[in-house]
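Scroll down for the structure; my scribbles are underneath it.
Note that the chains take the letters A, B, C and D in the order they are written out, and that residue 1 is the start of every chain.
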Amino acid sequence: MKKITKSQGRSSRYRTLREEAFEANKQLPQLGLVLFTFGNVSAADRKEGVFAIKPSGVPYEELTPARMVVVDFEGKVVEGKLRPSSDTKTHAVLYKHWQEIGGISHTHSTYATAWSQALKDIPVYGTTHADHTTVDIPCTLPMSDAMISGDYEFQTGFQIMECLRERNLRYTDLEMILVGSHAPFTWGSTSSKAVYNSAVLESIARMAFLTEAINPGAVRIKESLLRKHFDRKHGPDAYYGQ
Amino acid sequence: MKKITKSQGRSSRYRTLREEAFEANKQLPQLGLVLFTFGNVSAADRKEGVFAIKPSGVPYEELTPARMVVVDFEGKVVEGKLRPSSDTKTHAVLYKHWQEIGGISHTHSTYATAWSQALKDIPVYGTTHADHTTVDIPCTLPMSDAMISGDYEFQTGFQIMECLRERNLRYTDLEMILVGSHAPFTWGSTSSKAVYNSAVLESIARMAFLTEAINPGAVRIKESLLRKHFDRKHGPDAYYGQ
Amino acid sequence: MKKITKSQGRSSRYRTLREEAFEANKQLPQLGLVLFTFGNVSAADRKEGVFAIKPSGVPYEELTPARMVVVDFEGKVVEGKLRPSSDTKTHAVLYKHWQEIGGISHTHSTYATAWSQALKDIPVYGTTHADHTTVDIPCTLPMSDAMISGDYEFQTGFQIMECLRERNLRYTDLEMILVGSHAPFTWGSTSSKAVYNSAVLESIARMAFLTEAINPGAVRIKESLLRKHFDRKHGPDAYYGQ
Amino acid sequence: MKKITKSQGRSSRYRTLREEAFEANKQLPQLGLVLFTFGNVSAADRKEGVFAIKPSGVPYEELTPARMVVVDFEGKVVEGKLRPSSDTKTHAVLYKHWQEIGGISHTHSTYATAWSQALKDIPVYGTTHADHTTVDIPCTLPMSDAMISGDYEFQTGFQIMECLRERNLRYTDLEMILVGSHAPFTWGSTSSKAVYNSAVLESIARMAFLTEAINPGAVRIKESLLRKHFDRKHGPDAYYGQ
């Protein structure tokens, strides 16, 4: 009897978190961002020092809140019967080092992945991009052989952080990145915002591809317009939204 | 009691207009022209000197007629509890100066936005384009720094008007334009027609991209065929439709 | 009373034909081949010497069998309250001269229209194409000014026939063509087959665009393989289908 | 009475197999991989030495388990009233020579077919590809005239095997191939896995096309990363999935 009570207690402790992660993961196929079991979203509970993430290799239509796996910021499973996403340690590293994020999303969405494979940053060509960040979306260098043969998924987290450091960017300056030869990761204050960013990135990536195809000499949006669009949504005097 | 009556009176005064704007906005996601909260449509009541427009940052699935915001042609809110679209002043300027339009639509649809970002006009390559206008779809120059740092959304309206003036075009010669580094605006006699034009522009933009990809030396449709197609739909002896 | 009887008799005379045309037209939006009111399909009754066609400018969701317009092979309306498609005379010319066809379909589908605007034939690159015809899909030259200023839609029919004549092709050798600067027309033994051909052409056009984008030096499918695929579906010893 | 019993016996013998093949075929249109009657999937029963395959030229919406055709590994029909897919002998050859596969899928999916028509291998540009195989997806040379004029569909099977042999690859090294000027074939331990591979190949083909369009000088994923991704899913210490 005690054990059941304890188990129920443990279960309810993270119920809300698992439900949040479940809802966020369900959005990926609805937004056309994933095929089969590809991709994964996590939602963090900062007070508890844990996050809930998609189980590895499970189709989206078979997900339930109970199947989400709860993991701490070292990447250790805290609760859940299934094995967590193979990318779990990448999420753990980012949660551990980036204090203000509450959600992470990883997809192999078509256009963002193509830019990752092309090893090219996505230039900021217009206001759709500027509405979300003022900088090009960086594409990391391929990982070193030593990092790959080490703890690969942990290293992917460090690879992402190192790319931002090299470019003198903070994780609050932009909420999306391309991992070279791999695919995008996005983040945000909540898991829902991270998924939103995955969809925005896919849209930006597609438009940038078309912009260059239409005009191979396309130039970046001018600085003043870039700043104006970002600030009207995110600046101190923002007037977008309610 | 009086106040309630008055409020109801005011509310019913614009009820039809708000419903029209609501219906037109709902078409944008149905036609695949918007992601999340991007884009906005307005519907004008010329007699009342106002237009109803989408509230800022509200997802399309949460829209109701009551949530539409009624604004006058100076850009001042007349009725509505929510903040209007951040692009409201652009709509206001165009309604004020263009006497014959009853609706305006703004999207970040993929192909039209790519042409905007490429800073290129869309050449009239075929009859799909010629069925709607006889001229290339203009792309405005990027706005000057002075205009951007001024009242940006008002200036976007003037930027659009200036672009037509430079090319010696009237707003009745075409009902769509690309704002450079930004995205398209379309208009028409009603908000429904404006949305129709957004979808037509996206189709034209996509076909023109493909036309140039298939044949980098593609040439414009010949003048006589261009004129024939436009006139059979819009000329004095038009015989298209019922 | 007599008049009503007569009218009913006349109505039932073409009921089956109007229903066939209605069903075929309804397939166009289902197959993603049309936007709004664009496009039109007709179905012919050879014994009666007439065809039923979509009314002009009517959205597909508002079509009913009763709204189809019955027209003779000179392009004269025989039955129906609505104005027939503006492309009706093109259909009439082809029915009059091509004895064995029972249906015609006209769309502005994206990829086929892009090839039309590019004024380029679609080379036969693979078996998907070869399963349907052994020749490149021809793109007609733009029409002469004299033809355009004459009876334009009749002339479009002659333009199509002239293009086949120049290339020494019979209308039974292929069931699809690109009208230069305009869009595709397809035909077949029935209206349903004509619509099928519109969808096949769109698929072929898209794949051919991608083939050239992937390999600018792409070459046509070899003659023996081309012939094999066509013959296994359409030759004297065909073994495809039931 | 005896005959009915016998027939029922024969029928139930392959019932499960026919149902498996039916379910796998139904997935093709759901995954957007086929148009009309194009494509076909088969499921093998190794103990019985037979496979069930789609009947030729039948639309997917008209398929039932009973309409699947049961064929032996020589390509001879064992059970079924309908004619089997025209590609049946290609399936038979592969089942006969490749002992470990239980399903085969053939589509004319857009991007994979475009690479086939371009006669180009799909380079392994990223982890989406590396998650499934460590090698480029080969495109076979066009078949010789002698093979085409022989037993074409049998020869297609040998063409596929010969292509792997030339490149020193086993059919377990990769589960997908492009037949030059034609379209892709995929296989796997079950028919469901074969269909899964068809969808994965289409995704890989699309991303590779975009990768080269974005960066004409794109390079393959580095060997260590390629190996890491493949091994975490398929190596002796795989940790992907449950």
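Keep in mind that, in the parts below, a contact is a pair of C-beta atoms (placed from the backbone, for glycine too) under 8 Å apart; a residue touches a chain by one contact, two chains touch by 3 or more.
As the structure is a prediction and not an experimental result, all values here were calculated from the model.
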Please state whether the interface between subunit A and subunit D is built from the same residues or different ones, using more than half shared residue numbers as the mark of same.
-> different
For subunit A placed onto subunit B, the superposition rotation in degrees, Cα atoms, nearest 5 | 90
CA centre of subunit C versus CA centre of subunit D: separation in Å?
-> 34
How many angstrom lie between the CA centroids of subunit A and subunit C, rounded to a whole number?
-> 47
Contacts with two or more other chains, residues of subunit A listed in rising order = 213
So what shape is it, when you link every pair of chains that touch: line, ring, star, complete or other?
-> ring
Going by the contact rule at the top, pick out the subunit B residues touching subunit C in the complex.
-> 125-128, 196, 199-200, 203, 206-208, 210-211, 213-215, 218-219, 221-222, 224-225, 228, 232-233, 239-242
Per the touch rule, the subunit C residues reaching subunit B in their complex are 35-38, 55-58, 82-83, 86, 108, 110-111, 113-120, 142-143, 145, 148-149, 152, 181-183, 209, 212-213
